[in-house]
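Here's the structure we're looking at; comments come further down.
When the chains are written out, they are named A, B, C and D in that same order, and each has its own residue count from 1.
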Amino acid sequence: MAAGIENVKDYAVVMRGITKRFPNVVANDHVDLFVKKGEIHAIVGENGAGKTTLMNQLYGLINPDEGEIYINGKKVNIKNPSDAIKNGIGMVHQHFMLVSNLTAVENIILGSEPRKGAVLDIKKAKKEVKELSERYGLYIDIEAKIEDTPVGMQQRIEILKTLYRGAEILILDEPTAVLTPQETEELFEIMRKLKESGKTIIFISHKLNEVMEITDTITVMRLGKVTGNLKTSQTNPKEIAKFMVGRDVLLRVEKKPKKPKHEVLRVENLWVKDNRGLDAVKGISFNVRAGEILGIAGVAGNGQTELIEALTGLRKAENGKVFLLNDEVTNKDARILREKGLVHIPEDRQKHGLVLQFPGYYNVILGRHYKTPFCIDGFLDMRYIIDYSKKLFEDFDVRPKDPKILAANLSGGNQQKVILAREMSSSPIVSIFAQPTRGLDIGAIEYIHKNILKLRDEDVAIILVSMELEEIFSLSDRIIVMYEGEIMGEVMPEETSYEEVGLMMAGSKLEMIRSGIK
Amino acid sequence: MKKRIMKINLSAFIVPVMSVIIALLIASVVILLIGKNPLIAYYEMLKGAFGSSQDFINTIVKTTPLILTGLAVGFGFRAGVFNIGAEGQMSMGALFATIAGMNLGGFPPYIAIPITILSGMLMGALWASIAGFLKARTGAHEVITTIMLNWISYYLGNYMVAGPLSVGSGTPKSPEIAASAKLPVIIKSQSIELTPGIFIAILMAIVIYVLLEKTSTGYEIKAVGFNPYAAEYGGISIAKNVVLAMAISGALAGLAGALEVMGLHYRYLGTLTSGKGFDGISISLIGQNHPIGIIFAALLIGSLRTGSNAMQFAGIPKHIVMIIQGIVIFLVAADRIVKTILTYRKKHKAGVEK
Amino acid sequence: MTWIISILNIFTNPLFYKITLTAATPFIFAALGGVFSEITGVVNIALEGIMLLGAFVSIVFTYLTGSPWIGVLMAMISGLGMAWLHAWASIKWYGNQIVSGTALILLAQGLTGFLMEPIFGKPGQTDFIGRIKDIKIPFVKNIPFVGEIIGELNPLVFIAIGLVFFSWWFLYKTTMGLRMRAVGENPEAADTLGINVYKIRYFGVLMSGILASLGGAFLSVGELGQFKELMTGGRGFIALAAMILGNWNPIGAFWACLLFGAAEAMNNQLQSSPILQISASTKPLFNMLPFIVTIIVVSGFIGRTRAPAADGVPYIKD
Amino acid sequence: MVTDTGGLGDKSFNDGTWAGIQMAVEEFGLEANVIQSYEQADYIPNLTKAAQEADVVFAVGFMMTDALFKVAPQFPGTYFVGIDITPPEGSEYPNVMTFTFKENEAAFLVGYVAAAMTKSNIVGFIGGIPIPPVERFRYGFEAGVKTYSELHDKDVQILKGYTMVFDDPKKGKDLAMSQFAEGADIIFHASGACGNGVIEAAKEKFTALAGTSDLAGLIDYYWKNGTGLFAMGVDADQDYLAPGAVLASAMKRVDMAAYYGVRDAFEGTFEGGMKVLGLKEKGVGISPMKYTKGLVPNSVIAELYYIINLVNEGILSIPITQEELDSFSVPEIEFPF
């Protein structure tokens, strides 16, 4: 650690003794960070360890209570993002900072617009952005509005935003959390290119294999403090995980052999349209049995979301049938499906999964709020609800354990646990998990994976939709792959490979792959 | 936990009270400028609002509809809809309560009164449901539709009393409602009468509180208001709850209209609402959308209004009260001016303790 | 049949379009004001109050100086003042924008009523103080149909139409406009790019004050030459609805205002039609026409409109 | 005096009553005070307050009818005067004197003038809310137009419209513009403050036509071209609001009524009951047409006086309801000149 102190000039970024206190927590406690010029530097740590907080201070979004920052050896005072931009710092935020009704190019130039007088010189802007995007291979549709742009492209737009401002130091806060493996690979290509052109990159991720693949050095944080400075070439995921969590972590879950039973859910020739009225699911059929995990792999935007919404009563199926224990439930509404034992851990936990302005105890009864024992003759039994939710918070290790806290004030991982607690405790028959571990730290992932397997062992039929191939492979008993609304093939995890599934995700049918035609 | 509740309530009171004090200070400058003595003016105002039993009754009579329109708007806010149409719903409620009340002469009060009340509530609910239905069905913004419905009810109401329903040669008014549909007078001082209307209003505040906090219906309405996506995911129908919320909101406004008819005017008049629906907006927000807070907010505005009439005897024009009311509400909007000072210390302390 | 003929008569009468324009003008000013404010994320329900004060102030200064244009200028300053109050409460102090707006309406109603006596020596309404003269456009005036519509109009009508296009250009073609739209949609994102969210919002709200006050000035010194208490008669709220109907876009709002103005003109023309045999007692019902038309349009044709995502949400930075 | 919600400054019955009271107060050396009402629900409290403080209480405006007859019996020692108020049928209150007006008689006169003066043979009527006083103005106006038309073989059409409000001048102006657009050249209004807009519309149109706005210019234009565009005022003498563009006003002398009220109370001759003031009592009438008299042919003026006489003598009765208007047939009037 002391290594850099004499020679701050070698470092693109030096943060020293950074302390930031929030009302309830010391988010950064005398944190030191040293990032060499031209390297890719990882910051890892559990949810809430203080990574984002640290970077927000580097970018001037919040100001430290104590500590100093040096950029390229010069002490700087970064009060706001403008200062950071002036110092050549660019940040891609954990939650994208894009204006959804503006176009890509408008988002990129916003705040540093080329102009003629007061007028926006949009021609020049487009030209500049095009050049920039070609130089780094960051291909985007510059005229498209963000709301019509897939996440992978949004990510590239975010990076272009920083490059457009001439950033030499790029902060990427969990950039891969929402990306598919392919997109992640593309991102890494770009990062390598940026590194070659001399840029410095700070990379935050919960995925240790990514950290191993792309970075040069690693800073590990835990509870607001730095617990380790590692050279990537001299460490391994197990060691990093231990620095992060303070104990040994299972990086791969133990899975009992499968014992699937009767068929629970059957989907026949299902057709679903997306928000724009285009066919998103095109005649899909499959089934799931009790005690089985069916993994659905696929690049985001290939109809998985629409499929799940149709299965859970949130979207109308245009055609086809869905059977639950041999009862037809096509286009039944969410309440009826829930009553029949279907539960759903939604993809977007804050939009669908929780009423953020409700306290925990209200959130854990969502969907069953009108039923005994929570509600008797239309009146909520508050005492019962609170006791019940306390127990649930205890059982599912939601932190803090107080169910009176608003859901909005829980961290992402704990929000996910609240949803999990609610859905798992309602004795499901079918359980649909959509991206259940997105953005969560390894400890939380471990916990959720264990619970999914526990459900399976309780003979629940499970559908798992995930973009993480690793997650799909380690949990699923069967895998189907979706591409442009169709199923490319069905495989057993032990009989296939990442390559094969990857090819299907890219649009090749299984028969074709196996028969050697690509 | 107990401590926290106390604190919250205290600060909820502090802001309006401070706002009133500041507003009175600012207004006193204005009063001085027209060469009057603000102390005398305020004394008259206070006396006018609470000085005698008659004044006090007047204040209560004025407060009653304000509680209900405040509840109406506040309930809408809790459900995520901005019901700017309480004015029209109140008017339609009054109109239909009148029509019912006119025709109930043959029935005893214990039948006539509830039916009249219910007709008012029902009509208010129906009128508001138009906006709720259009929002749920076509996505039409409720601010547009309720503003438009306000105007339609205005024209319809005035048309009715000038045309089909009009009686007498002088006044644009409907006939009186039947005696059995009038609310009984519980206190009478000369021609100033107090009816149980206020109790109905307070009762409704409690009913709304219970509905919102203790029932699954309230749970659903709030869930839809906060996050319609999550509500839908939880098997709660957005459309049904939007319509229901508008209907309940409208029923409250309609009740305000019905009570004005049954306890005060005994007939429909085109001008009967005179902005009370709009007052409901500020009252609900001063009362922090909380049914009990709304009662006090309504009392505040109600007493300012009664006081202002008396203040005219001290030669102060009625407009000064609108100015005072404007400043009070403005300061309640910008409540952080008061709150920041209070919470800044608290925050600081908490931060250090941790 | 007489109905069809008389409606056709109305549409072929150039004066119908002229009345449409003058009826729409106050809404146009105020709705543009609403757009400027809300596009940056601040709900401005105070339009009604700003208009009323604008109407009053422009008459006061016309009375004092004899020049209605000075009146208009002062009205704009008064609008700026009101808007500043709204901005101060809702941006600086994170106030509830709806409450602040309703407060300002009351304040405007109280102030204008209160100041009548001291300034004009009598309450209620002023005498005719004077108004802006209509302007004749030399050649246009002689074009048959068109000339009768726009050949001779109050200059404020032209200013209103000009401002529609200016606003569109400003919001969609300038850097400031881009920033305003960004701030109304995602203030955090704008903030991370070094844009001062507060300044932009102040600008939007202050502009809305200037614009809405012109709507008031149009009513008093533009159309009537006098002030009457509460003379805006709820037009600010209708403008608010027009802004939403127009999907928070200047051009959209313009069409919405024209629609409303046309429906109002239609109401007047139908009531005044010499060939329609309608008994006097049912004529009052025609006044509902603009409002019914609006409801039908919003629910039948327009449907869901989309507010700027951060509209009404104070931006709190810690 | 307690005003209705219109309040002082309405240039109508509130102002008129106040002026009458002032006149009496000065003459008899008394003191007067006014309470303006904020809304309908204020009437009872305000009248009660006033009764507690004053010897004579004025309730102004038909809106206060109910309130007045609720409060008055509580204060038998106080005199109440109701302006534009009709007592409930069959009631007797010895301490309440009410005044109403035969608006139809005043309107008849302006209707007669309008029909005489129109060149387009279309005249307009703009009402506020069609409440009885407004409608009485319309009945009289229509009858007046019809009478002149039949006596002089003119075919005059009447456009009728309502603003449905009393306090929105812009609405009045827009409606007037529509009537002008449909060919009317004289518009009579009974629409409170909306009428300001009607008058402004006439002024604007006439000014545009004549190319000048001053009185002399307008009159010159009329003489030269034989046409003009006019409004007709209501309640008070509104001719001065736009000299030359307001042809005449149908007046309602609330000030006289208020004056009588105070005088009777002061002199101890106060008598409860309803007083209906018409042409005969000089409670209503046509304005002296200070600016436009020169435009109206002498013959028309003479006929007007003859008609007033007929009304005063009870020979001519002017419709006061829709039914009377529908069955109104123009009497054979032989002018002696």
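Observations on the model:
In this text, contacts are C-beta pairs under 8 Å (C-beta built on N, C-alpha and C of every residue); 3 or more make two chains touch, one makes a residue touch a chain.
Worth saying up front: this structure is predicted, and the values here are computed from it rather than measured.
Between the interfaces A-B and C-D, more contacting C-beta pairs are found at C-D. The geometric centre of chain A is 46 Å away from that of chain B, both derived from CA atoms. Taking the mean of the C-alpha atoms as each chain's centre, chain A and chain D sit 76 Å apart.
Averaged C-alpha coordinates put the centre of chain C at 34 Å from the centre of chain D. Centre-to-centre, using mean CA coordinates, chain A is 46 Å away from chain C. Those residues of chain B in touch with two or more other chains are numbered 155, 158-159, 162-163, 317-318. Residues of chain D in contact with two or more other chains: 7, 129-130, 164.
Taken residue by residue, chain A touches two or more other chains at no position, since every residue touches fewer.
Chains touching one another form the pairs A-B, A-C, B-C, B-D, C-D.
Touching chain D in their complex are the following residues of chain C: 13, 15-16, 18-19, 22-23, 26, 116, 122-125, 127-128, 131, 134, 152, 219, 223-226, 228-231, 233, 264-265, 268-269, 271-274, 280-281, 283-284, 287. Within the complex formed with chain C, the chain D residues making contact are 6-11, 15, 122, 124, 127, 129-130, 138, 157, 159-165, 167-171, 173-175, 177-184, 193, 196-197, 200, 203-204, 208, 241-242, 322. The touching residues of chain B, when paired with chain D in their complex, are 54-55, 58, 61-62, 154-155, 158-159, 161-163, 166, 168-173, 190-192, 260, 264-267, 269-272, 274-275, 305-306, 308-310, 312-313, 317-318. Interface of chain B with chain A (complex): residues 1, 214-217, 219-220, 222-223, 226-227, 229-237, 347, 350-351, 354.
Those residues of chain A that touch chain B in the complex are listed here as 21-26, 312-314, 333-338, 344, 346, 351-358, 362, 366-367, 369-370, 374-375, 378-380, 382, 404.
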